[in-house]
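Heads up, there are several structures right after this.
The following pair of complexes shares a single chain, chain A, combined with chain B in the former and chain C in the latter.
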Partner chain A sequence: MSALDILMVVVRVAFSAFIPLCFIAVCVWMERRGAGFFQDRSGPNRANIFGFRAAGLVQNLADAAKLIFKEDVTSGHIKHKFYFVLAPLIVFFTAVVSFAVVPFADTLVLGGKSYLMQGIPLDLGILWFLSFVGFSVYGIILAGWSSTNKYGVLGGLRSAAQVISYEIPMGLAIVSLLVVYGTIHLNEIAQFQGQLLFGFIPMWGAVLQPLGMVIFIVAAFAETNRTPFDLAEGESELVAGFHVEYSAMKFAVFFMGEYVALFVSSAMIVTLFFGGYQVPFLSTATLINNAKPVAFLLMIAVPVAMHYFAGWIRRSNVSHYPRENDPRVFEAEIYIKCFWGLVIFLEVVLLLILFADKGGPAAHIFVMLLQMATFLVKITMMIFVYIWVRWTLPRFRYDQLQRLGWQTLLPLALLNIFVTSAVVVALS
Partner chain B sequence: MNTELLFNGFAILAVLGAVGLVLFRHPMNGAMSLVVTMVALAGLYALLSAKLIFALQLIVYAGAIMSLILFIIMFLNLQEKDLPEESGRWYYLLGGVVVIAPIALFLIKIVKTLPGSEATIVGGGFGGIKEVGLVLFQDWLLPFEIVSILLLIALVGAVVLAGKRRLGK
Partner chain C sequence: MGATVKTLPRKGASLKERLYLIEIVKGMATTFGHFFRNLLDNRRLYVRHYPEVQPEIPVRWRGRHRLTTHEDGSVKCVACFMCQTNCPANCIQITAGERLDGRTEKMPVKFTIDLLECIYCGYCVEACPLDAIRMDTGIFSVTGDKRSSFVLELSDLLASKGAFAEEDYKKGGA
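Our next item is the complex of A and B:
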């Protein structure tokens, strides 16, 4: 192994391990600010460090400090302590590991070698994701059962039954997708979606498989136990469901696992239906060949976007009542300076690419970074959809939930498989 | 060297899980040890470069079937006092060991007489989903379809057995 090989292993593992963890903070922040936005209030905006509130991100730090220093209670009535501790770990671990096969950029070619840009360069693709989604049920079942608490057991039962029954429409939706793509390898699926339909529509899964997309997204909502399918923790009925006995960091691990699962399922939806890391209309080859024009356009577009963004910060980050020497205006100026610093850094990087060799390693790395950024932007948009749905729709009743899964989604998914197979066979 | 370590690790885990399944008194402990065995077996399949079987073992056996078993155990909510009295179980175990020991010795002898051969990694996408699918649908189509009909019959039977009984019957 050369030094480059080792560096690439480190980069890939670091990306696929740390990005989901970093996105916990982003998700929690988006959830709270999103909830505030949909309910016409501000959301968390008081916690600060020396007056800097970072639009509410500092609240996460306060939460983390609270959860770390809280007393970790394990009630005396819990007999199976091993399973009680194991359960949150399973939920968290399976969520993080299932991201390992999601490609976050196209295969990188450096020095005549190609590197698959995913945590574990395995060609199992979607099967790996399915197997680890199945495993996360263990965490829920063990947590509910070992709590020895009626609410806990009820929450665990509901949640496990829900996850198990929605795995079936999800699996069937994936089957019809695989018929279209002809591969289980997520990287090949993303490459397939880089093509253009009739020359101008991106060949995304959402265009080729609209019904499959609806089924998959509904099933993914149910799998992550999010509203409208969050009966497992229906506060009004079950207090908190399967994690009612958990406190401090054990609860925090559940909480983080839930958000990592949210991130990973958004990543899967993006990879399967929204082109993955592909920049719309620009395939990898086009990007590498035209790295310089793209970099030049970005050099113009980024400062323009930043100008409007700065204006938005200046308008939004003010006190809601007249104050002398408004500290929030001062705060906003600091943020704007930081962002301009970032933009200048970006400009320097883009300038370097303008002067690099055409089609050389710099172009490849530039395209990789561009695709990573696209992927993360797409995931963030998908997470926003999750939050949007959560704060818009009320909760299902339990029998409605099971009826939707078994009597609506399952037949629809089967129908979708037949129609898709017929079309694929007719076209080939 | 690495593969040998991994093989030994998985093999020991699989055997320990199986022993735990037999010896634990609480059904939840038994089911969890069976999960350990299933996962260890998946690891052994992966060492044999049977990637598809590895994934299927994780999805079907370790994932779906075992989580249903765990679900049922949770549903029953067994307490310590509900468990049956098993006073003579050590005698049964001893009897089982006495019966099995000669067979095990025989098997060990057979394994020892196997000619040693160098293990190499099979290339050419062996064990991948495409290769297995091609073999299954080209060379083994009829057996594959017959097995799927068998599964269909089992499925229909399960639905009939679980279906609503008519009143007055």
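Our next item is the complex of A and C:
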């Protein structure tokens, strides 16, 4: 095992372990500011460090400090304290681990060796994801049961029933996908989506399997316990559902697990249906061969984008009431300088690419970084869709939820398998 | 004479609506419109930047109480107990004493209002025959760090001034 091998292992594990954790902060921030903007409010924008509010991100720090220093109550009526503590850990652990098989860049070829860019280089692919997502509901059921609280038990019960009804359409939607892709390996699925249909449409799962995409996304919403399927914690009837007895960090672990699950399920939707890490219209080989033109175009595009972004920051980050020597204007100027610094750093990196060998290791690494960035941008957009849906749709009633799962999604998924298989057989 | 019956059409039965997805997309377009408008220009948020920007308090708004005074600064209240009797929350406690300045016979020695009990109904203001108690201070946020700080004494009630001009207050339906 050479030093490069060890470095690659560290990089891959670090990416797939820390990026979901970092995205907790991003998700919470997007959720709150997004909710505010969807409802014509401003969202949290007051918490600051020396006047710097970072568009509301500092609020996350304040919340974290609050949750860490709050009293961690375990009520006396709870008999099974071990399971009570274990439950949030299961939810959090399964959510983090299920990201391990998602590829975040194409296979990296360095020094004649190829490295699979995912946390654990397993061939299990989508089966690993399905098994861990299915397992995470045990955390919720266990939490509801061990709380010895009727609201908790009802929340856990609902969650169990919901997961059973939605695992099946989700699995069947994946079956029809596997018929199309012919592999369970997520990296091969992403590579497949790098091709072009009729020469101009990206061959994404969304194009090949529109019905499967709708079924999978609906089921994924139910799996992550997000609105409109968040019956397990329906506060209007169940107070807080399965986490009603949890406080402080135990609650925070549930909360974080929920957001990691949101991130992972967005990553899964992106990998299966929106081309994964593929840059639209540009496959990995094209990118490696044309690394220099791409880098040159980026060198022009990034400062232009930054110019408009700076204008937006300047317009948005002001006090909306008369105020002498508005400190927010100064704050905005500091942010703009930070972002320009970042842009200059990017420009230097891109310049190095321009002077590097054609098709050499620098081009490979550049393409890898580009694909990682694309992947994260796609995931962020998918998370936005989750948030968007949450602040648009009301919660389903429980019987409507079951009817949708069993009477609508299940037959549709079966029909989808049938039609897809017929088409695949006819074409081959 | 029967009541007029208006039959409202029930929505949600047509195939287009039962497909859910079309209606969901329409709803999401609406919310995204709001999001995008606010993202581009956050001046348009329907938000008052409290506490920097205070809300406008209308004259008839029932704020924290005060006791009015004559021109010479002596208290108007004659300790008739009308407000205390009329108070549905029993938050007013008056102790009457002899008045020596010749205006009337009685005056309050102690006049306490427990704001934690008060429901801000304004019955005390309506009951007062001498316009001695008013709720026109415009104070809407009462804060304190202990219970006793919410119990207003006679001196506190006399200290606060009305927030509006006298003619506006009279016009406001007092």
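The rule we apply is simple: the second predicted complex is superposed on the first by the 428 of 428 C-alpha atoms of A that agree within 3 Å, B and C clash if a C-alpha of one lies under 4 Å from a C-alpha of the other, contacts with A are read in each partner's own complex, and residues count from 1 in each chain.
Convention: contacts are C-beta pairs under 8 Å (C-beta built on N, C-alpha and C of every residue); 3 or more make two chains touch, one makes a residue touch a chain.
Just so it is clear, the structure is predicted and the values come from calculations on it, not from any experiment.
Three-chain overlay on chain A, with chain B and chain C fitting side by side and no clash. Legend: residue contacts after superposition of the two complexes on their common chain; A:62 is shown touching neither chain B nor chain C. In the overlay built on the shared chain, the residue A:160 is in contact with chain B alone; chain C does not reach it. In the superposition on chain A, A:47 makes contact with neither chain B nor chain C. In the superposition on chain A, contact of A:365 is made with neither chain B nor chain C.
Once the two complexes are laid over each other on the shared chain, residue contacts for A:346 go to neither chain B nor chain C. With chain A fitted onto itself, chain B and chain C come no nearer than 27 Å, counting C-alpha atoms only. Comparing which residues of chain A touch chain B with which touch chain C, the overlap is empty.
The part of chain B that touches chain A in the complex is made up of residues 28, 32, 35, 51-52, 54-56, 58-59, 62-64, 67-68, 70-71, 73-75, 77, 80, 128-129. Within the complex formed with chain A, the chain C residues making contact are 21, 24, 27-28, 30-32, 34-35, 38-47, 49, 52-53.
Residues of chain A that touch chain B in their complex: 79-80, 83, 122-124, 127-128, 130-131, 134-135, 137-138, 141-142, 144-145, 153, 156-157, 160-161, 164, 167, 184.
Residues of chain A that touch chain C in their complex: 34, 36-42, 214, 312, 315-316, 319-321, 323, 388-389, 391-393.
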